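One structure below.
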Amino acid sequence: MKILVANRGEIAVRVIRACREMGFPTVAVYSEADRAALHAIMADEAVLIGPAPSSESYLRVDRLLEAASKTGATAVHPGYGFLAENADFAQACIDAGLTFIGPSPESIRAMGSKLESRRRMKEAGVPIVPGLEGAAASWEDVAAFGHTAGYPIMLKASAGGGGKGMRQVESEKDLPAAFERVRSEAKSFFGDDAIYAEKIVEQPRHIEVQVLGDQHGNLIHLGERECTLQRRHQKVVEECPSPVVDEALRERIGEAALKVARAVGYYSAGTVEFLMDADSQFYFLEMNTRLQVEHPVTEEVYGIDLVREQIRVAAGETLTMTQQEVHPRRHAIECRIYAEAPYRNFAPSPGRIEFLAVPQGPGVRNDNGVYEGYEVPLHYDPMLSKLVASARTREQAIDRMLRALREYRIEGIETSIPFYSALLSDSEFREGKFDTGFIDSFLARTEIGHLSEELSEASIISAAILAFEETQKATIPMESGIEWRKAALLEGIARARR
Amino acid sequence: MKILVANRGEIAVRVIRACREMGFPTVAVYSEADRAALHAIMADEAVLIGPAPSSESYLRVDRLLEAASKTGATAVHPGYGFLAENADFAQACIDAGLTFIGPSPESIRAMGSKLESRRRMKEAGVPIVPGLEGAAASWEDVAAFGHTAGYPIMLKASAGGGGKGMRQVESEKDLPAAFERVRSEAKSFFGDDAIYAEKIVEQPRHIEVQVLGDQHGNLIHLGERECTLQRRHQKVVEECPSPVVDEALRERIGEAALKVARAVGYYSAGTVEFLMDADSQFYFLEMNTRLQVEHPVTEEVYGIDLVREQIRVAAGETLTMTQQEVHPRRHAIECRIYAEAPYRNFAPSPGRIEFLAVPQGPGVRNDNGVYEGYEVPLHYDPMLSKLVASARTREQAIDRMLRALREYRIEGIETSIPFYSALLSDSEFREGKFDTGFIDSFLARTEIGHLSEELSEASIISAAILAFEETQKATIPMESGIEWRKAALLEGIARARR
Amino acid sequence: MKFIARHEELDIPVEVERLGVGYRLRVGEKEIVADLVAAGPRLRALRFADGRQYLILYHRDGSEYRITLAGRRAHVRIDDPLSARRGGPDQPVSDASVVKAMMPGRIVRVLVSPGDEVRRGQGLLILEAMKMENEISAPRDGRVASVDAEAGATVESGAPLVTLES
Amino acid sequence: MKFIARHEELDIPVEVERLGVGYRLRVGEKEIVADLVAAGPRLRALRFADGRQYLILYHRDGSEYRITLAGRRAHVRIDDPLSARRGGPDQPVSDASVVKAMMPGRIVRVLVSPGDEVRRGQGLLILEAMKMENEISAPRDGRVASVDAEAGATVESGAPLVTLES
């Protein structure tokens, strides 16, 4: 196989790494803004597919197929986002004689429409969140539902996903504006303005189940991921396993996920998302028919390389493990490191990475999409890397992540690292007590990156010495003998001070 | 606990990371040559203990204890090398009221002398390599043994270890010189010139077993490590598990290791080294009463943090796992990345690290002791980092390591990376067919870093363009529209050429 | 050598002089002996004489220093006393009557026109940055004097978007 | 622009000119169109017009370029034709009569004295570098004319250690 990666950023890099380990040559595609992007420079071949806007590059099926034929690629990995859940793209690849590394176009299509998938899951006997069964033509349709179900309600784009095209509505008076807004997002992001409404599940947790199947009917689940912590409907921290899911519940929700996958004849890697209420009742939310951003936490805990398995399955091979053989062995946590300023309400912070030192050592994995000297472009998702820490227990994994965050040193742009350092030190988080509203309340009661007096003083001293050096530009004498004596002298002074 | 790390380089960094994750403050000690060494700058406190030579700094018990009392440290972690296996140091720490993070001084002393430990293991019923039972006063004593046992034989310093103070002797005529040489090394490295001789085991493999015990009598083994591949008696690549050890053999050799450890009332982490012949007969070689350089491969495969366990055990806590609970889950390989030039017979290559980009992504762990901009000093072991790759199978781990080696980019000094890239691509290595002589024969038949015509051409082109840029110092216009058209034109030319 | 350090709205007098391998400082009334060990292009270890230390990452922009330590970020401005007395730190003058882009991005939609009366918090336009639509709202009640950006346009951080008048 | 590239004892004429976003080169008889995309301080992607590429790490020392690609290292010297014709690459003249240190280190022990007759392969002295004792042996038979280093001394790479005469 020669594999074209129809994506960019860390996930394209992740796929290229897997291909390299399997001995498959890779083809990267890149927009003008990505000439020097990591995925573009590390692949065996790289093809320019258009200007910066995704609509003119990463979303252009024609140019992707042209790149494939030009380079003689025989397979396509879509990553996540962009065209990953576009059934027509999957079909176009197949029609062009390419192996599509993912599920069948039918599976994608079946899950592409939230309304359609909700209908099918209801038939399959999977619990779904109460809501409108069809698209709402106007805000008045939604108002009717809201009236009976009671507010708040959730407005959703039927073609939506990844936190885009959804909005909570607190009362009927906010409905018209919200309706317009979601419809506009639905249209601009998904080219389909069908939207509907769902009842709100109280104090919900987002629990998702990883499934993996081959083209010979073998289908297993790799447990759940805890994805409750979100900002603006964007996941920020994911864990595997969930602190609130025990083995019995894991079996039940895993079975439900397999039922969902079987209902659409699913193969390759996929994720079934559930909403779970305080009583551990779970409801089908949607299925992501692709690799998930947070797939690494499952990989660390189950010891399985999901991208490798995707490629093997696409090649027609059978799974190398059974449901009985897979068990959660450790605990893993992922923090998505974004180019954004947590001190300025998480405003995007594009720019040049002037310095970068990544955390190393035991139990730390960093799936990076950038490098030192790289200019983070304005045009795409601001994720720099996914930092994953794993250990024998949740507490140890959290402490390991805090250690890694402290070692993650980056200059030139602002990042969400200080936010994560504060969050993972929070006692409620550490106790695993949270719902989807947790981050907002946490941010309300927390001053991120507060400087103690010691830290302020250390900063002032450091800056003053640096300024002094600027005025001197003198170098330090290094003759060791002398230095040793000077240091001893310094010691003396130090002792005198104490 | 407040932990002073009586070591330097990657192992000091490894220990500091573990302490940080456990919430224990750390004290680093450093020589003048190490003012800016990674271990010295990352600890919570750092104390200068003398000039560059280890004999005046890292081996100075008095200065280490002074540093501990001055900083109020309550425990000492010795790492490996330096004073790690010095029973007197362990005793001195205890006498000073410090917790020594390692085994008892008695255990260290019992294993410190090869002659002594061989005697005790023989008593305990553990198979040992045939050899002299006492120290040889002169080369003539050895000659007598050599005459009966037959050449080649191995000369060893009784206090030796880590590949130092040993030499193979092919025939009696080489004996006098070799005897002198080993005695000189024994004296200079270990301050004890007692040496003896052992019979050579044919086509031997170095198999070592990781043991872990607490102070309450609990003792388990964590399987074996394959350490056969050595250069100048220095391990270069280690694996866990060994490709030639199956579950039955693992149980037998593991039991033998536990017998060794019990014989000296061992607790904390330790390693029992065996020589194994072609018929899987194994002989006790020595026990390393400390953390082993290659401990990470065991950690990756068994999912246990050995340094954390060492600290817990030293604090009097009990093991959190039983022999029944620990199993090898994956395969891990370690490459020791040295500052040496494989093209120039591995000559040391100290100097400034002008650029450093470490491998990232799934299944890759890098235990680093250096950073970009660091000046690798001449005075100490030239190991830059330990690169570890782990996966579900040995083959996948090897392929992952090759991917990681390719991503490991370093400039300013030469490293052993090209050597490892060649070694891990070697079919015999990949089949697991090797003995301790493998590396020498491999080097004899391999041209490391051979450049194909394509690579040579690419290098010439790159250099030429860089030289051209030097003459121009012109910048590239980035207006995207224009660029896109230019690129299209470029495409045209490309097509025309094909 | 004397400096004025400005940190979190405070001006602190600082004095620095070389001492052996390190420095002696006076920060306010406090005397400190420390070294600032260079560790690569951007890292330094601020090592006090008693051994305590902080590993810092720094960035200098003129007399503005950004210091990152213990996972937090501090901003310190260092001036020599004269310039400090003369100019002092330049605070960006926030002009409430001009609504500016707080981040670089693309204008998706303009929600108001010149002459519109707007209330505080009311949406003026929608700015898309890094795939998120961000609604820019009015900082106060007022009338739209001019709309300074059009839909589809890409704007830099700080670019004027809408001008309000009372 | 014309250059002479010296690589593995070969002189290759090279011509480089800008072309669009990239370059057109003539290497020997071969014409090549490629770009050398800058990726941070030391990395470049050598990207050919047909998409094939190599990610290279480079180091320049005057006209000497060290290029690391695919985990291997290549040395290329680039001269402009004149200087190449004039000087050409300077080959270190190996003088078998002077035994030099092949690495920086410390002299542990000197095994010979002036006047000693030595045979090829015989140990002359022991050099310790990075904790390894390395025996430096005679490159040929001869008599020791002078010992140029003493035990305990630290020597740089290339420092003369022992001089032999026939």
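Order as written gives the chain letters A, B, C and D; numbering starts at 1 within each chain.
In this section, contacts are C-beta pairs under 8 Å (C-beta built on N, C-alpha and C of every residue); 3 or more make two chains touch, one makes a residue touch a chain.
Since this is a predicted model, take the numbers as computed values, not measurements.
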Starting from the defined contact criterion, work out which chains touch chain A and chain C both, please. B
Could you name all chains that are in contact with chain B and with chain D at the same time? A
Could you work out how far the Cα centre of chain A sits from that of chain B, in whole Å? 36
Quick check: how many Å separate the C-alpha centres of chain B and chain C? 47
Name the residues of chain A that each touch 2 or more other chains. 357, 371-372, 406, 483, 487
Chain D residues counted as touching two or more neighbouring chains: 41, 43
Where on chain B is chain A touching in the complex? 13-14, 17-18, 20-23, 32-33, 48, 50-52, 296, 299, 303-305, 308, 320, 329-330, 357-358, 360-368, 371-372, 385, 391-392, 396, 399-400, 402-403, 406, 480-481, 483-484, 487, 491
How about chain C: which of its residues touch chain B in the complex? 37-41, 43, 45, 47, 50-53, 55
Write out the stretch or stretches of chain B touching chain D in their complex. 164, 184-185, 188, 232, 339-340, 343-345, 347-348, 350, 354-355, 357, 378-382, 405-406, 409, 411-412, 417-418, 421, 449-451, 455-472, 474, 476, 483, 486-487, 489-491, 493-494, 497-498
In the complex formed with chain B, which residues of chain D make contact? 1, 3, 5, 7-8, 12, 14, 16, 18-23, 25, 27, 31-36, 41-44, 46, 48-50, 54, 56-60, 63, 65-74, 76, 78, 102-105, 108-109, 129-133
Which residues of chain B touch chain C in the complex? 27, 35-36, 38, 40-47, 70-71, 371-374
